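Chain lettering (A, B and C) follows the sequence in which the chains are written, and residue indices restart at 1 in each chain.
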């Protein structure tokens, strides 16, 4: 499609992305636009415009363009053909023909279309004349964005709560029961027992006999013996006890060291 | 005597609360570059503060200033006074201008919405290039609304709140010259495609003659049904 | 607030020029993306307007407002008043589940209140991390009640009205007792004899064995008594 320079050229405004097939001859956007421009030249109100005259002008314009061998979009030619038809209908006496619209109906429909186009053009101009944001008026240049703060909302049901409570109380209660089984006789316990023991034993006493008498559960003999021996050795080192064994694997004898009181005044002296 | 004092104190407190409400609304509106809805402002105001009174007062306070409070698109926003355009445009204006075709199409969409492409073309008397509608959709001022319940189920176009904000309109009823157009019978016409509804509407809901857009949102645009002009035209 | 326009009849023109300068500076500062230098403002002002006076006046005008004019490194800019910055933070509720440990601790506090940390640990059989108690305090369901009148004066914990509200309890004695818990199947199998569930009390007053918390509320949390002794203690 060639872009044609004709005398009444307007500034052609086309969006860059618009395909060239949109006819832009002389800056007109389509036949209706051209018709409107021609109508304006009649310098009368569109409502009182002579469609006949307008059709003639249009046809002349198109013929001129074709004489210049300008390529015109089909739209323009279709409009020219239709206007030629309308012109003949307007010139010839009207024959009533069923429900086909009369020539004057067609003419007024065209007038209406031109009025609409003109009206929307005026509206577009007024719209464009409004203060536009970023063109005439400006919004805050450095808006302060909302920051999103995550606030945890804690969720728990009464069921969760009761379940957690019952579960751990039950667990703890069971754990406490098993604790009482006392698998291990600690050194501290052994020492306390021995202190009680030697407190009453002034003469040599067989440790094992005491221990067996002391410990009820047979399963605990090993731990009792080990802890007792350790505690005994510790007390011997401190000079509280004497310890004697007559042979390997023979019974262990313990005796409160002479010169010590019955109470805990163990530091009293070493014999 | 003491009653008087108390009343005075109460009055003082009310005045203070109002000033604080003003400050809050001011801060919220200043912070945003988009219109802020009255509801959003009301939500942040101290209890008992009347948002309408606060906004009214703020608008008044800023009336003669370099920055004005305007009601747009069902919300409020601060914007520079229009008489200062000549100063600010130099530095701040984005050199983006709509082509005449785009502006006309936008106007048709604004005044005739919901409107189909065929109806736009009928008014302009020329095919609308894909680029023009794409450009308008890209500005964020135009949106796809739904599909007209007519053969071919063409997509209907309408404007967005961003359109109102851009042109400083409170609502679509504020479009300039709307009354004149109504008076001139612009919306009642006998256009073949039938503009049956007398006034434009950008309401979020669909009209009776509109269906929602399909679920297959892969096609955000109207399919290219009417592209055939290309070759035959040469 | 509205007294931004001062009129001096003698210097009507000068006053008007000053107001216009204020408006221009205001609009420039409002619409600019970055802080505006004094020089850039001065350039836009009407001839004869003193930029320093204009900015000083503007700063003054906005001093008590929701938006303040601030001097920053590169120039001047409007910022939300710092006491209103909370407006610009949108709180997003993020539902979170309490950890098992937290839930257990909360349950013990609920049933055994007033209860110390050592007692909680005794019941649970494991040490309670500081984090767990902090978290519970943060939920607003647990509060510090007072100090137990025992060596070390440990803090006692209890529940709050918010706790009742969240769990839909009318009062703390709505918490089911042992029989109800058994009946509802929370306890299974045999329980040691003498096993009991206490009757909790969240009464606001202190118990006989509780002292009030210290006045020095800087320590809202129980101090870390079980940390290694410092030098001064030697």
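The working rule: contacts are C-beta pairs under 8 Å (C-beta built on N, C-alpha and C of every residue); 3 or more make two chains touch, one makes a residue touch a chain.
By chain, with names taken from UniProt: A = Segregation and condensation protein A; B, C = Segregation and condensation protein B.
Bear in mind the structure is a predicted one, so any value in this text is a computation, not a measurement.
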Which chain maximises the distance between its CA centroid and that of subunit A? B
Taking each chain's centre as the average of its Cα atoms, which is closest to the average over all protein Cα atoms shown? A
CA centroids of subunit A and subunit B: separation to the nearest Å works out as 28
Chain centre separation (subunit A, subunit C; CA means) in Å: 25
Distance between the centres, which are taken as Cα means, of subunit C and subunit B, whole angstrom: 40
Residues of subunit B touching 2+ other chains? 30-31, 78, 80-81, 88, 92
Where in subunit A do residues touch two or more other chains at once? 138-141, 144-146
Mind listing the subunit C positions that touch subunit B in their complex? 1-2, 4-5, 19, 22-28, 30-32, 44, 64-67, 78, 80-81, 84, 87-88
Using the touch definition from the top, list the residues of subunit B that touch subunit A in their complex. 30-34, 77-82, 85, 88-89, 92-94, 96, 98-104, 106-108, 110-111, 123-127, 129-132, 134-135, 165-169, 175-177, 181, 184, 186, 189-191, 229-230, 232-234
Going by the contact rule at the top, pick out the subunit A residues touching subunit C in the complex. 138-142, 144-158, 160-177
Which part of subunit A faces subunit B closely enough to touch in the complex? 1, 13-19, 21-23, 29-33, 35, 73-75, 109, 112-113, 115-117, 119-124, 126-141, 143-146
